[in-house]
């Protein structure tokens, strides 16, 4: 593969008390690549996402970004390395407006160190308009916004700041068909721009359509990696359920 | 467009002027009608004086509550700071400086301990700070063996901190006004203030967005502790001696004011400036009740009713 | 050791270190004397009745900050109503307490006000009301029957009453559907509501019980002291919460037991009693109890974090 490897995870494990949520996961994400991460509820997808985005550290294992080993102590560390995340829960502070959420954790300041509200409002407004031209009145608490608008705020914020790897945990779980299509278009567009995308989803059909590679996680382990172009829905579902490829028609499963 | 004017109503506190200002106007009118002694300059000065002591405490509690937590140790911090200031012996430049700075530092330190417990260990803030309250009261009383505290020496410059009346207005009112302006700017126009609103709205989302929730939260408690201590120092300067068992109970009227001012009990919404209006409302009600000879017990009862009513109102409006 | 034995060991030796405390206390002359045991029994029986109510409210996911003020209310009500007969007086103490508890419960369930704030407001209102009613002075009773209620030899009546209340509460919490429901409501209110439990009513009942028990306890205290004081019980919510937390209750609800709370009660009561015997000034006791509550809540919170991260 000629594309540059942005992120390489090796032997990542994570234990919560007695629960082994991840048991040694290896995963690469390269430029202009959409990697889909699929698996059952509780397979460990969100845990892997949170490790890669700096929410908590792995119990063991190594994370390399552009070949350099890194350790993330906070989400900001991951963001500094160009890893941005759109969480399953969006991670927006409901009481704040769109610009405040957009710049939360990396606010723009005036020369005197105060919040530069005007510049933030303009930048956020422009970014949101790029994404969704019909998005107006961004200066109200995001609590009052529709699911699609909130999603747009989370996405706009993630792609606005020099992003190398974009992680999307169930980005369309709460969206209607129209918004879902918009997100698919966006993923393709970002991929063309050279961004690496880690897409967590339960929707196997759309994953086959969108992804380059499909990685199947089961009980904290990667049980299979497939090239999207060379597989079909049934094989992926089989892998998710049984943790292995479907036996040939005559094969007798043990 | 954004207001660059920190005292103007911002979106974080709701786009309108808080109804508490209308209540304030109504209460002033009512007070003037009920008692002709209310609008005398002497009485107004005394309302302000009373309001300021509780008000400074309430400002700090507002910041903590916008961050989503409660600080009920403030009453004990007031007492601790007052006793400390007197024990230090506020005389001479050094003595006075120490008597102002050390109690405030001590208050901030107590706040940091509260903040660590709440934000680091995840302890329930109400019960934590009540535990702290009793700990501090016990510690202070043990230090002075429960006795009346008199300053060994007390300089005029120290008492002037509280007793001077430039333009006929008690000096603490100026201190209070300065603190209000500073806090209003901090909360509306700095990164720290923005982060306090964020953690009060959704701590988990803030953490994932890169906000240092623990540090921001601890700072809110430190501010609350320092401000409560400031009130204590002012009390010490005002009276010069103290019966420590008689100081206390500031946390409840302060909490009532914070909630009455529209700071949401679950955090994320509220403005220091609205707390000021609420403080004045409570000070006026208390003052009129005193004029009309309704004593402390009834005032307590009324405060309880005001607190309940305020929370019920904001709940009903879907904001508490 | 079997898990059951381990659990028992931990209950008496580690969380809390009750047995070590009692062993240490043996070095204090007079700790195990009949006279002191009686004092200890008297002290913990009044608090114990309050702790049981607090525990029930905490299991349901709430908190009752008003117990101290309601105790004072019960004591004052009992003494004031004594001229109408002992039965009226005793019932009134419980009834006034139940009324205060109903008010708390209504604020929590109907107006959806946070339990700490609700009961704090009720605390202030009750305190203000009785201070106003008594003009801040204690009311004194010389009624022989009433004073006899505060006696009981060799075992104080109050202690026997507390044991009876504890057993009843234990049976209700463990042997009755009602108890299961209270635990369910405390553990996950939404799930409980979705499984058809009447969450509001259950919580209201818990506050009512807590209030009634606090009022009743206040009456017993007044009987022992011969006065109903409007200012007693300031630190009662604190020590009651400490005992309940030590006994395994949690501020997050759904956990705790009467048995555990009783162990917590004896631990806190024993500690205070030992400090009294050693002549430790009451300020230090306030420090110890306050510091202990602080530490307990931190541990309670840290436990939550341990499990979730």
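To keep things simple, chains are lettered A, B and C as they appear, and every chain counts its residues starting from 1.
Note that in this section contacts are C-beta pairs under 8 Å (C-beta built on N, C-alpha and C of every residue); 3 or more make two chains touch, one makes a residue touch a chain.
Please read all numbers here as calculations on a predicted model, not as lab measurements.
Enquirer: Is the number of contacting C-beta pairs greater for B-C or for A-B?
Expert: B-C
Enquirer: Which chain, with its centre taken as the mean C-alpha position, is closest to the global C-alpha centre?
Expert: B
Enquirer: Subunit A to subunit C: how many Å between their CA centres?
Expert: Each chain's C-alpha centroid was found; their separation is 50 Å.
Enquirer: Please tell me the distance, in whole Å, between the geometric centres of subunit B and subunit C computed from their C-alpha atoms.
Expert: Here subunit B and subunit C have centroids separated by 31 Å.
Enquirer: Taking the mean of the CA coordinates per chain, how far is subunit A from subunit B in Å?
Expert: Centre separation, subunit A to subunit B: 44 Å.
Enquirer: Going by the contact rule set out above, which residues of subunit B touch subunit A in the complex?
Expert: Touching subunit A from subunit B are residues 1-2, 4, 11-12, 185, 189-191, 193-195, 197-202, 204-212, 268-269.
Enquirer: Please name which positions on subunit A make contact with subunit B in the complex.
Expert: Those in contact with subunit B are residues 53, 55, 74-76, 79, 85, 87, 89-97, 100-101, 104-107, 109, 113-115, 117-118, 121, 139-141.
Enquirer: So in the complex, which bits of subunit C are touching subunit B?
Expert: It comes out as residues 63, 107, 111-114, 116-118, 120-125, 127-132, 136, 235, 237-238, 241, 251, 281, 283-302, 304-305.
Enquirer: Residues of subunit B touching subunit C in their complex?
Expert: Residues in contact with subunit C: 70, 117-118, 121-124, 126-128, 130-142, 145-146, 252, 255, 259, 265-266, 295-305, 307-308, 311-312, 315-316, 320.
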